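First subunit A sits with subunit B, and in the next complex the same chain sits with subunit C.
Let's turn to the complex of A and B:
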């Protein structure tokens, strides 16, 4: 079966793709934190962040439509906040939207949440679309994430698609044998499927360990090439952080 | 229930990040000390398993459908600390790679869907299954723990939104909790069914060393 891999587009070539993963992790996480900490009383800062993001998207050569479609994941929460707006108090005049009155401060809260969530999602989407999963993990590890996590996560990544395929085959088998089921019956059958998949996963985990052990695994993952910062990384850092910080204080 | 960035104020997300990071550090330390290297591949495969399970949508009622979160399920097999590592890793990958949940709000999401499901869920499961004893007790414990942790996670989520001034409690609480009281049924039935299935097929897996 075909999957949209976690890090789609991360194998393309661009100057953003070729940067050291640690540089990108630091840059994009700082971008998110700075955006989240910026108060909405300075709207022009958000314009500058948007320009910075647009520049990064253009540099990365990741299709903007792809990033925009992905950013739709924040919509359910935006809807929840929108539903609560008429009930938020506050001052500064109010607007009539159909039968509801929304105060100016409530509207500001909504814009605040929408912009911050959207910019952050775009930034993280860009990070993973320009960095393959394994390189990102190595970056996190050399930034101090315990090896336990990186090992756990690399196993997870390795087996995720295999198990997803297994579930899809099981669901297909179930649907071709029983196409009409009550809700509880369906949940029970799902439980059995999940149970069977759990056993298979567990036994696979044991087999994988034994196979690795047989090949000399001692709990440590060795890599062929160490990460190395280059001139382009220094250039990116010396451009990105002054731009971000000046956008955040102007 | 994955809170995106920007929905919580720093006064809310910073302490929750501290709690989540503390729990992760404790779990890492204990798991590193108690488990041999053989368990790391196992935890990784289990993380992939929970990730895949979360993609299975089950229709509940009136057009709504829900999926299993899996915190209680994993903690029943490997114990709350190792289970929290698994859930925390999944939430981190969802935030990084699917933008499902934010970076600044990752701590809050780990508390809501990780800590509550694994620590509290495991405790509830033990409480109920010890009180009732036997296979029936296990199933009831899994069901109760599954439903309660989902509902409590949605309560925590609405409290965090309200404390941040993003959504008033009067709107967020009934909307979130009402929805998750329905969705929680999936967690309860599927968790209990898996435990029932495994105790029939490989009962030894329920007796694994727990952390």
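Let's turn to the complex of A and C:
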């Protein structure tokens, strides 16, 4: 059974996919930092960032529609900000939106939040969509995140699959035996299944822990450092950072 | 030296199931031994004692002369255990990392780890799957990777719980010849119901209701099944 929670499209081939994860982490994080720190008094810079992002998306060959849909997670938060706007004061002119008055500075704040949140989420989405989760963790680790932390995350990732697999198997077993079921009955059974899935995953987790100990795990985590930077990484870095920096100062 | 010596071993699961009720058996170093027995007779439970995953509740267990109650580190270094269910065995996000897990935790250096992973995956015919995630493999493929995770540790005693279960006849054939090769210079203890697997062993035990009923002739598995089917009931 195949699921994708985080890194759909991350196993595709493109020049962005083949870069060293550390390079991508550094590049995309810097992009986010630069975007967030740019004051809205320089709107043309945001246009340049957008161009940079579009170029990256095209390079990655990840469907833009997918990234856009995923970046919609920012909408609720931005919506929350928008709901507060009419209550913000501030100088400059004001606009009438239906029954509300919104001042110009409040509107600027809104645009500011919207653009920055959206660009950041796009950048992170692109990072995750071009780097398999394990490589991403490996990258974070060799950038200094403790092995304990990355290993915990990698187990979490693994158990997420175990849990959903367990649930899916049971759902399949239910549907193949009970094809005619009332809605109430179905809900009751599904409730039982959720409980059983947790129990089964828990027991499975115990057995997996046994397997780890059987192979010499003593609580200390050992991992390999297998990342190597290549020519394409150097090329990417030497193009990306000058572009980003010039976009940030123009 | 004896590789394994088990005397009057008892084990009861927390829910009260008495899985082992006085097992006696021994395995000499360099020997291949098979454990046959009906479902639920306690084979898997017994094997879990061999590298200290379960500790004897009553009776004694010695592995290469070591008592698991005095520490299991050295025992685990020498004993490789392949679980019956590959999903219990595989826990890393990629096949490569899973097969490398054991050698890494033996403290080997990276070049050697890489070499061992290559060799082990080659032996089970899974080279080229290094980057795949174990949970997206077919059952038989997972089973083969599970075996590789232990082969890469190059254990002195190899313990396999139903290694051929669920394999297609081609892969099973290759596994049988791999095991025929591996048994040279190594001690092998396997459990299961596969007659041909039993035939490649030196000795075999018949386990029933948590006890070793008797030793049987490894080449006579057909007859054993005949007798077992008649009259004695399933367990």
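By our rule, the second predicted complex is superposed on the first by the 196 of 250 C-alpha atoms of A that agree within 3 Å, B and C clash if a C-alpha of one lies under 4 Å from a C-alpha of the other, contacts with A are read in each partner's own complex, and residues count from 1 in each chain.
By definition in this document, a contact is a pair of C-beta atoms (placed from the backbone, for glycine too) under 8 Å apart; a residue touches a chain by one contact, two chains touch by 3 or more.
Remember, predicted model here, so these are calculated numbers, not experimental data.
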{"item": "Subunit B versus subunit C as contact partner of A:134, first or second or both or neither", "value": "second"}
{"item": "A:250 touches, of subunit B and subunit C: first, second, both or neither?", "value": "neither"}
{"item": "Subunit B versus subunit C as contact partner of A:13, first or second or both or neither", "value": "neither"}
{"item": "Partner chain in contact with A:204 - subunit B first, subunit C second, else both or neither", "value": "both"}
{"item": "First, second, both or neither for A:215, with subunit B first and subunit C second", "value": "second"}
{"item": "Touched partner set for A:183, first subunit B, second subunit C, both or neither", "value": "first"}
{"item": "When both partners are placed on the shared chain, which of subunit B and subunit C touches more of subunit A", "value": "B"}
{"item": "Contacts of A:223 with subunit B and subunit C, given as first, second, both or neither", "value": "second"}
{"item": "Which superposed partner A:158 touches (first subunit B, second subunit C, both, neither)", "value": "both"}
{"item": "Residues of subunit A contacting subunit B in one complex and subunit C in the other", "value": "133, 154-155, 157-158, 162, 204, 208, 212-213, 217-218"}
{"item": "Subunit A - residues contacting subunit B, complex", "value": "6-7, 29, 32-33, 35-37, 70-71, 73-74, 77, 80-81, 83-84, 87-88, 109, 112-117, 120-121, 124-125, 127-128, 133, 136, 146, 148-149, 151-160, 162-164, 166-167, 171, 183-184, 186-188, 190-199, 201-202, 204-206, 208-209, 212-213, 217-219"}
{"item": "Subunit C partner contacts - residues on subunit A that touch it in the complex", "value": "1-2, 133-134, 154-155, 157-158, 161-162, 165, 204, 207-208, 210-218, 222-226"}
{"item": "Residue ranges of subunit C touching subunit A (in the complex, touch as defined)", "value": "48, 51, 53, 72-73, 76-77, 81, 83, 85, 87-94, 97, 100-102, 104-107, 110, 113, 133, 135-136, 149-150, 153"}
{"item": "For the subunit B and subunit A complex, residues of the former touching the latter", "value": "2-7, 10, 28, 31-32, 36-38, 40-49, 51-53, 55-56, 58-61, 68, 73, 85-86, 89-90, 92-93, 95-100, 102-104, 161, 165-168, 170-172, 175-176, 185-186, 189-198, 201-202, 205"}
